[in-house]
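Chain naming follows the written order as A, B, C and D, and within any one chain the residues start at number 1.
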Amino acid sequence: MIRFALFGCGRIGRMHADNLAAHPEAALLWAYDVHGPSAEAVAEKHGCKAAGSVAEVLADPAVEAVLIASSTDTHVELITAAARAGKAILCEKPIDLDIAKVDACWNEIGPLGVPIQIGFNRRYDPSFNAVQKAIRAGEIGDLRQVIITSRDPGLAPREYLQTSGGIFRDMTIHDFDMARWLLGEEPVEVTATASRLVDPGLMADVDDFDTVMVQMRTASGRQCHINGCREAVYGYDQRFEIFGSLGMLQNENLRPTTVRRWGRTETEVQEPLLNFFLERYAEAYRIELDLFLQALETGGAMPVTPHDGRQALRLADCALESALSGRAVAV
Amino acid sequence: MIRFALFGCGRIGRMHADNLAAHPEAALLWAYDVHGPSAEAVAEKHGCKAAGSVAEVLADPAVEAVLIASSTDTHVELITAAARAGKAILCEKPIDLDIAKVDACWNEIGPLGVPIQIGFNRRYDPSFNAVQKAIRAGEIGDLRQVIITSRDPGLAPREYLQTSGGIFRDMTIHDFDMARWLLGEEPVEVTATASRLVDPGLMADVDDFDTVMVQMRTASGRQCHINGCREAVYGYDQRFEIFGSLGMLQNENLRPTTVRRWGRTETEVQEPLLNFFLERYAEAYRIELDLFLQALETGGAMPVTPHDGRQALRLADCALESALSGRAVAV
Amino acid sequence: MIRFALFGCGRIGRMHADNLAAHPEAALLWAYDVHGPSAEAVAEKHGCKAAGSVAEVLADPAVEAVLIASSTDTHVELITAAARAGKAILCEKPIDLDIAKVDACWNEIGPLGVPIQIGFNRRYDPSFNAVQKAIRAGEIGDLRQVIITSRDPGLAPREYLQTSGGIFRDMTIHDFDMARWLLGEEPVEVTATASRLVDPGLMADVDDFDTVMVQMRTASGRQCHINGCREAVYGYDQRFEIFGSLGMLQNENLRPTTVRRWGRTETEVQEPLLNFFLERYAEAYRIELDLFLQALETGGAMPVTPHDGRQALRLADCALESALSGRAVAV
Amino acid sequence: MIRFALFGCGRIGRMHADNLAAHPEAALLWAYDVHGPSAEAVAEKHGCKAAGSVAEVLADPAVEAVLIASSTDTHVELITAAARAGKAILCEKPIDLDIAKVDACWNEIGPLGVPIQIGFNRRYDPSFNAVQKAIRAGEIGDLRQVIITSRDPGLAPREYLQTSGGIFRDMTIHDFDMARWLLGEEPVEVTATASRLVDPGLMADVDDFDTVMVQMRTASGRQCHINGCREAVYGYDQRFEIFGSLGMLQNENLRPTTVRRWGRTETEVQEPLLNFFLERYAEAYRIELDLFLQALETGGAMPVTPHDGRQALRLADCALESALSGRAVAV
């Protein structure tokens, strides 16, 4: 049984609180949020304490692990404080939007040796895992091309977009992590193109893009394409295609039901996709927590490390540089 | 090169004439139809002669084979005359609607030894053939259940329905042939139910049904279900499912294109099915002719015999008896 | 918050205990099983009391509802006792294998007016529900044919088969319930055929069948086909096809992942189906409990009544009679 | 009825000869090939004349149109000669591998005003056409991203590869044409990456690549990705995905049959794809000829012009330059 404190009681924090409450090996002791009533609501629902400060939580020797689900700009500070307090850390991605801060943080806490897992939720999805395991098991021989499709169901609110760090660091960062994980080799060159097609005015205002393509290659010549868009009317579109010398692997999207409708002008009609990440990756989030707990209990390695978080951010920075400069960027 | 005469220049006769013209081993010498201008149109299109009578055609020693695509009530007479004249015969199904006439015909012409093939077009469909070959090759082990779905896109005209012999002898007869071919064993018991759901008034007028289910079993306990309907708004629905001890085989329907459309409320939308038998079985009709020619040239056995035609009719008669009596009928 | 006692702590009972523990509106007070240690294990896991007798449980005024997941032969007795004690009842199907006992039970407890829900789990499956709602909403117009496929992944143990009541009452009973629910009209005639194809020796020993087909019609001429088998090597096969005047509805099976594999000789390869009912209907069981709780809290009607349980058993009896006699049986 | 001469009697030439023979509005008068016996074989099969020289053919005033299916290095010379002789021209792609020669040819023959169609076969595929028409009809709103997958079933022989002009000009040129046709706007920037992953030694020998990715954008910010490979073990892979503001369009590959196989460890197994372009685009080649004939008979515009051939080659040149230089190339 591992005892947790939760930092951040927004939508994703509450989902993590539910998963902690449901896991037989986890106990939630504290909930903290800069907005006190949010923490109190979680505390009431799950019978834990609402904390008045981060310090109060980290001073409690009963707390063995912290789950950081607060806003991105607080991650480095919380990670650092928690590591100094000797707590194990499960931190939502991204670590930070500034790679220099990420590197500085890691330089400081690396020597402290606390177990840290970065919450790239997609690493835990059962279908994505089956694909990655099949690649590693050689089922498609030598890997040649990875195609990643990643489209959000709709534009985030302006407030979010203003501080998101931009589409590459906020949204495509997941796909950069998937690319590294699937390719089994680091990309050495990134070329990206970025457009404002969904809401050009808003995107100009927030100095961001809404529609992107990225092309990467590894030292051995493996190729990866990512396409992303902040809006897809048919739902949250999350697909891979992995092509190799002996075959191909694909995964399909998920829907609420499996019903197909046939009529006079249309056949095999299916419903739209599961709407967004909390629904699509519900099982992945549960597995993420489960693997964190397993690693803590066995002392094993964490499945996703701060280095992974850092490398995905580096690819995002390269992609932005490429999109702005019109040049391929060496990683 | 085999020289043919065509009896019947309606829609299906013209399709056969096109196939004869396109086949490098076939030549069309004569076209005959009770409606003279129909025969003349075929003759003009394909550069053959329009016959004034059946006798004129059969008297031509150059004619080696006849293709009978005229109305069902003429089949027995034409088969008998052609057999007496020593011509090879490719005859559209059914041989006749009256099994006593079929048996009498066969008793007379059997001893003449002319090659005869019955045009059960579905036997030649590439997907259906792949299914049947996989069964015989043991890919699904011991066969347990056959499910046949067979729905026409729309009601035939009243004129056709009045002389069709009824849904079991006209439409489901194809499925009875498929059942025998797939089961690899004769059904010994037939239970059927028949309803008037598409157009109850018309069906009562023509003393027929439009919606049927049939259940059959073989001596060894294999089971077969057929469902049929004279109208399916989404197109001509032709499917099998074969279930055995080691697995299952299914075939899918065909569409004009493979396009899938995704929108705000619907995803993976496909278009309606190919509309009817001339389109759906276009390739099957070409293969049917090809195999007839191959059998003639090699002297090999015909792939579908008059006995097959007779047995399918027998099952249709049993199904009608069962639907009318509410009892299972032994074959 | 509704306080429950659980009768039966076998595999399905433990699953229900987990669902009760996870539901915010339910509390589990007691667990009982004829095998004491099974009850104690549930009690320890969920922090409730293990009961030494049924009477002890029913005498506790704090218990508001009972969940009956014990063996079928105990259902009538437990339902009766619980109803007399004024407890709400959620009882696993079937009520009993003997329709006379079912009717006698209902005659006795009906007047007591306690809320009773029968656990036909499939009624709660999201895909099945979407199909049924679409039928009722008129999406496919007038219903013509219902096709139900229902194949278990493998033979149950001999011990189970000896007391199961036979394939129609044990397994196909779910499909009879689905048929009534989907048809929206009572079947008036049942024809069934039953074979021993999976394990003829075992089936003869336990006087049962392993492979069945059922054909039914309603007074208005709607038709229904059910095919069932106690073994399908590719997994637990649970499908509907509903055909109407304006279109068709189908549901697909579920798999652990959505991965498709392509290789030199095979393409679009998917993995086997979710293995059996606890996995396939995991969400349905949670919804079943949730709707039971909602009905208790609102005083609304139970979604599946003892009458539904009775009628499905009646159809199973008719099917068995038909299979043994070779005659259509009027319901 | 249009009278044709055929230049080039290799595999694709013979396919065109068959289509000419089968088309009711076309007649084949002459067949020519540098290898005399090839021309004679076609002449014998279709009852036309084998020509001893190009001049002999072009001097025949009965010849109204020429179909050029000879090797690429002969195209410009034949097009020029045929245009001077006033013959209509249907020429296989590409016009030439050297864009300067293409421009010079077009400068010379443009003023002659003969009807010319370039044989980009994919423009005529029914599924691709349905996709393109749906885009133009606004079904997916504003176009955002085009994804083109284009993988050959296996490496061409060394002899072919040595003179093919390289993967971008030989194979991806089709995809560049598709991109222009689907995007509805010219690409203004091309970035490509190219690897030797299938047969590195052979590719180095012939100074070519076997695995490529291309990323393009238009002036309005629409994006296009192409992935290509000279080998896919599962067959000839030809897919589009078109993503827009109101939805998405996809097309699927074709297979010889629609059979799906289910077994103990694998389900929904389909067979490999149709093997290569003559099979996959058989219908497209027939429609290509038909539309050429229609345009000739009506005097309408040709559906694919020399300008289209020139632009696709220009994009191929840009892609090669990008792959070699590591820079984005402005078109």
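One rule holds in what follows: a residue touches a chain if its C-beta (ideal position, glycine included) is under 8 Å from a C-beta of that chain, and two chains touch if they have at least 3 such contacts.
Not measured: the values here are computed from a predicted model.
Participant: More contacting C-beta pairs: A-D or A-C?
Facilitator: Result: the pair with more contacts is A-D.
Participant: Looking at C-alpha means, what's the farthest chain from chain B?
Facilitator: A
Participant: At what distance in angstrom does the C-alpha mean of chain D lie from that of chain A?
Facilitator: 42
Participant: Could you state the distance in Å from the CA-based centre of chain A to that of chain C?
Facilitator: Those two chain centres are 40 Å apart.
Participant: Among the residues of chain C, which are close enough to touch at least two other chains?
Facilitator: Residues 233-234, 246-248, 262-264 of chain C touch two or more partner chains.
Participant: What does chain B use to touch chain A in their complex?
Facilitator: 233-235, 255, 262-273
Participant: Provide the residue numbers of chain C that touch chain B in the complex, in ascending order.
Facilitator: Counting only chain C, the residues touching chain B are 142, 144-145, 147, 149, 151, 189, 191, 193, 195-198, 211-213, 215, 217, 221-223, 225, 227, 229, 231-234, 241, 243, 245-248, 326-328.
Participant: Chain C touches which residues of chain A in the complex?
Facilitator: 22, 126-127, 130-131, 134, 139-140, 246-254, 256-264
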